[in-house]
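What follows is a pair of complexes built around chain A, which joins chain B in one and chain C in the other.
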Partner chain A sequence: MNSLPLITSWLSLGSLEPHPNVTPSVIFGLSWLYFILFLMNVAWTWRSFKKGHHIDMPAFAGGGHIPTAAVWAVYSTVLMLVSVIHFSCSSSPESFWLIMPDFAKTAVDAVVADARYFFAATSIGFVLMLLFREWLARPNVGWALLNLSLLFLTISMTDWDFRQIVGKPDNVPIVAMLFIVGFFTWVFFYRANENDRRAAQGLPPVESVNNEKVLTWPDLVYTEMICMIAATALLVLWGIALQAPLEEPASAVKTPNPSKAPWYFLGLQEMLVYYDPWLAGVVFPSVILGGMMAIPYIDFNKLGNGYYTFNERKFAITTFMFGFLPLWVGMIILGTFLRGPNWNVFGIYEFWDVHKLEALNNVNLSEYFWYGLGKPLPMAPAGSDFWKQAPYILLREAPGFLAIGFYLAALPGLMAGTIFKKFFIRMGFVRYMVFSNLVLMMAALPLKMVLRWAVNLKYFIAIPEWFFNV
Partner chain B sequence: MLNAVRGKSAGASAEVAAAGAAPAAPVKPALPPIPVKPPAAKDKKAAVGVDRRSFVAACFAPVVIGFSAMAATSLIWLLDLARFMFPNVLVEPPTAFKIGPPSDYPLGGVSTKWLAARGVWIVHTDQYKGRNLIYALASVCTHLGCTPNWLEGEQKYKCPCHGSGFYVNGINFEGPAPRPLERVGLKLAADGQLEVDKSVKFQEEMGQWEDSNSYVDGSLV
Partner chain C sequence: MSVGDYIRDSQIWKSVFRHPAPYDRRNRVVVMLTNFFLHLHPVSIKQQGIALSYTWCMGGITFFLFLVETITGVLLMFYYRPTLEWAFNDILALRDVTTLGIMREIHRWGAHAMVITVWLHMYRVFLTGSYKPPREFNWVVGVILLKLTLLLSFTGYLLPWDQLAIWAITVGSNMARATPVLGHEGPGFQFLNLGGYDLITNASDARFLLLGSRFVGEETLNRFYILHCVAIPLAVSGLIAIHFWRVRKDGGISQPL
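Let's turn to the complex of A and B:
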């Protein structure tokens, strides 16, 4: 597919390619994108120049300092040249060379088209983000990250399949949402780092020093009004530029393929792949809502009240961010950009092939257990009634019941004596039990996902006879 | 309020009386007679016949009546709504319908002919316990009720909502679906045609696929 433009250019049949990666209008649009990037970086270069920061060169490069502004100036110049190249080359898309290379596409797809690697990548990225928060929250690093993500998005536009999924009117706001999530996460770490540094020096947080009061009128009301107007203008522009996609009339016997929930529910839809509907659709959402309401009553840490901090609330912030970033936003990314026909996982540069085959054959825990022992599943003699069947079914699913029982009943006690010892002492029994069960329920989702991907585990407890599966 | 004040004064006089009855008490001067209340201080309730509480109650009476009426109306509306769920006439195709002779459904095929109109696949297979059977599978995913697609090339039913997959015989094998697709009734009518009956269903995990109403012997073809 990706080598097709090359072949068709040999045959001078470029216009017959049904899914062209590069077209004159794509190149023309990209030239404007690079031009906007160039302008943004000119502004940033100017800011760096005003600030007058320097980068220390390593000893092998002769030491010395170079101004940060110089680096950004060079980068801006490159962006301008790239933009000019796009402007001047848009007439010959077949021979255009500034595209996402095939090996890079293959490498990216190899990671994202496999849910295991995708989840591992988001989890490792999350840990790295926490470890390197000091460095990542520097303004220059933040700007470089923004540039990298925009460059990735821009150059990926030279792929037909990527344009289909990212450029879909439904999905454009989700791309914007990802940048907004990134920005606010960055702002949090920037402010938290500052306060943590001050705390290390024995200074009060910025918020308590810089707490000059302002008037509701005009300060607050004017700000609100400006935000209101800006938001309205944005919605009007959005409504004009991106059309709400209409699909064919609904039919009870034809489900769109893939059939996707609204973007904010894609985390729930992903959960439904791993757990039974009553759990993933009823119990877990209720636990999420109830658990969030319970946080103020569980939390015994009085620090971090009214100011940004990370070091003083490490556990609370890490737990919340893990639930929000890899588990909620990550699942929205997976559901929006990676789930395709038949709910298979596709790479971002991969064609949505309805006939893509994923080798899946799910096995229940009871089957693993009894077949592993070399025995058949315990089964009641044919024609026996409910009361005769029940002991057989319970015996069959005993490994699952034991596993779940251990997880929800025994594990809190074990954790209270080990990793959560301090928490248990501070919280008392009831609060600790609520807390530990919430944490375990939250961990149940990634646990099941990993088990499904690693050993094709279907259900811990599978009693289809009673519509009870866990 | 009035009562409270009155109670207090009564208590006070009782105390005085108790003190007077104590033995060896010094002689006290006789109490002056209780003055007669002037007309203004007399209980107004007896005079007017309306106190503050009954006035407030009178003000609230229309509100109570209004809310009761609304509750009654809502109840009637709810009952009507319940009645609405059981229409006199159902504009739906009959649940039992004929689908032609068994020879229309050769062995090893899944017919999607009745999918759009009736929501069933007609399956003729020997993949279930090695028996040559024709049966009708309801096109409702047993996970959350989407309509799976029959993929001829892969020989499986695949649900577009959460990726559940079923073998040609309807047994679930991938994705989250916890149980096989459901069979609906199928029999050979007197005129030699197959007749589907969607009013009954047969679940494999309940052992109902052994029911002879859930299939037709495929060797008739």
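Let's turn to the complex of A and C:
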């Protein structure tokens, strides 16, 4: 038997494959991850056992009840076996079989490696989350979803390209953020559903019940101290486990491909694909900040002040969550994990090939308009100065100006008479115009995305002469 | 008399803590009133308002992370020199040889964590409708603090002076070129000219103001260092004080009316 591959792999010299999907150290690391999952589920099994819930079996399976704890116990056992298999199988990584199968990689990449499908998936997921909030907020469902996502993350670690992008030290907090944001969104729905059920029965929200005053010392001070100790411990462990990134010394001539902004600005960088820097980098961030500050002054709904509820604030919460989850966090995910060289979109299991080509053939609205009429674009005679050029340029871009004018000036009026009638009456003119323009500007990003994908629209107004492209 | 009693009975101890330990109701009230750090809090507080599943403790953790960043940041400042000659080497040494170089790890991960916790604090405050009257103004202060948190992280990103730093800042600050009227590639910069000479050029526009230079260079490093270590922390400290003050003055942690 040729023992060379075995020895090289044990010495972490790697196999002959330059980008090995599975190595002994990967298998060994995964065994720990499965073991942690196993421990988590043992705890959950114990909780289910204490609660004593049962699952009703369907009639064709003979009816009857199965304790929920039994289901979790079986699952935990499987996890333990999987962990043991990893502990004991790390000697021959080439033949290891518990890996992400290729067909699954292809299927996942087909969805995420295309900004259209990615955005559609996050938006549809968002709508489904709102529709099925009752079901999703059940503890067992939430726990099952957490397990599914952790299993997906764990088994994906058997892919070299996935490890490269998720394992980058600066990307670790983003992975953590996904789970944390998901968890707190779940907490919100759990508490909001309970209050909404109580409101339907004419009861006050949970926050009003048993709400006597207690002494700050010890009730609050101790909680704070425990939080501080936990945060410190977490930071120190994190600092020991992961070294802060330090790349080569700065060089103004060696441009990395891709060049990315810090991760929390990647949503803004993603907007650059659809809007020019003056909008995506300056105007929209200012509008986001100004709009956030304006929220308390345009939300006239007096309900839901100081307690969790969804039904009493459907519009406000849906709008804010859409902005925070699919648009802000979703775009950060897209920018961090999926944008690769030349700002092309790559699958999470795909190699970042610098030579990947994506055809870009985008057309301006003015070109659609004038060529559609069978006329050339209005052009000033050669050599004319600014004042001679201006009328031609404005005429050329007139369709765009009309479209934007309609969108930001006429559309609010139309909406005031129809879908936002109640809002208009309650808010008054100025407040309503601020509100409707903020909503429309927020919708401008997904709108442009869809137009880009559907009809290759480049700019509504294209005046590169004046750096004025919308 | 035990040693503990002897210490607690001494003039020094009594000059610092002017009342017995908070073991009984009276002293638990007094400790909140006499301790500088604790007097941020009211003496008593609504039970549901401090429930962890209600507040998520995210505002508190954000503030704690700000303190962690301040302490680790001051320690790092003793070591780090913001010049082209030394910046990268000092970070390299912090990573490889310096005692307590882990301060850099804690500082960086704490910064990432602070960005996340401040978002989650905003998320919680929105979802509980806590920005509604009478807390409108404090929400506005909070939005500014969120923006300053991102700027703190952004300015700190440059300081290691490696490829990650310089290009992230280059990409981020390139936007300022396109500022309307004030950026040399922004719409309307032509309006600011005197007798045919543009006032807004790549050496006088908004990006130049941010970088102190036409590209990310030594002046930028100095500028970001001052912003990161002095200017923004001062602004944040002042706004935090106002933010906390207004939490108290606007009725404490939000609760059903």
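Quick note on the criterion: the second predicted complex is superposed on the first by the 455 of 470 C-alpha atoms of A that agree within 3 Å, B and C clash if a C-alpha of one lies under 4 Å from a C-alpha of the other, contacts with A are read in each partner's own complex, and residues count from 1 in each chain.
The definition used in the following text is that a contact is a pair of C-beta atoms (placed from the backbone, for glycine too) under 8 Å apart; a residue touches a chain by one contact, two chains touch by 3 or more.
Bear in mind the structure is a predicted one, so any value in this text is a computation, not a measurement.
Chemist: With both complexes superposed on chain A, which partner does A:Ile180 reach: first (chain B), second (chain C), both or neither?
Modeler: second
Chemist: One more residue to check, A:Leu357. First (chain B), second (chain C), both or neither?
Modeler: A:Leu357 sits against chain B, while chain C stays out of touch.
Chemist: Once chain A of both complexes is superposed, is A:Arg133 in touch with chain B (first), chain C (second), both, or neither?
Modeler: Neither partner.
Chemist: If we overlay the two complexes on their shared chain A, which of chain B and chain C does A:Lys105 touch? Say first, second, both or neither.
Modeler: In the superposition, A:Lys105 contacts neither chain B nor chain C.
Chemist: Applying the touch criterion given at the start, work out whether A:Gln269 contacts chain B, chain C, both or neither, answering first, second, both or neither.
Modeler: So A:Gln269 meets both chain B and chain C here.
Chemist: I'd like to know which partner A:Trp217 touches here: chain B for first, chain C for second, both or neither.
Modeler: second
Chemist: Specify the partner with more touching residues on chain A, choosing between chain B and chain C.
Modeler: Greater contact footprint in residues on chain A: C.
Chemist: Quick check on the superposed pair: does A:Ala252 touch chain B, chain C, both, or neither? Answer first, second, both or neither.
Modeler: It touches chain B and chain C both.
Chemist: After the superposition on A, what does A:Val236 contact: first (chain B), second (chain C), both or neither?
Modeler: A:Val236 contacts chain C only, not chain B.
Chemist: Determine, under the contact definition given at the top, whether A:Arg396 touches first (chain B), second (chain C), both, or neither.
Modeler: Neither partner.
Chemist: For chain A, which residues lie in the overlap of the chain B contacts and the chain C contacts?
Modeler: Residues 251-252, 254-256, 259, 269, 276-277, 281, 467 of chain A touch both chain B and chain C.
Chemist: Within their complex, state which residues of chain A touch chain B.
Modeler: 251-259, 269, 272-277, 281, 341-344, 354-355, 357, 360-362, 382, 458-459, 462, 464-465, 467, 469
Chemist: In their complex, what parts of chain C are in touch with chain A?
Modeler: That would be residues 22, 25, 28-29, 31-32, 38, 41-50, 52-54, 56-57, 60-61, 64-65, 68, 88, 91-92, 95, 102, 104-106, 108-110, 112-113, 115-116, 119-120, 123-124, 126-133, 135-136, 139-140, 143-144, 147, 150, 153-154, 157, 160-168, 170-172, 174-180, 183, 185-190, 215-217, 254-257 of chain C.
Chemist: Can you check the complex and tell me which residues of chain A touch chain C?
Modeler: Against chain C, the touching part of chain A is residues 170, 173, 176-177, 180-181, 184, 187-188, 191-192, 204-221, 223-224, 227-228, 231-232, 235-236, 238-240, 242-252, 254-256, 259-262, 264-265, 268-269, 276-278, 280-283, 289, 292-293, 295-297, 299, 301-309, 313, 316-317, 320, 324, 386, 463, 466-468.
Chemist: Would you tell me which residues of chain B are touching chain A in their complex?
Modeler: The contact residues of chain B facing chain A are 115-117, 119, 139, 143-144, 146-149, 151, 153-154, 158-163, 165, 173-176, 178-179, 205-207, 210.
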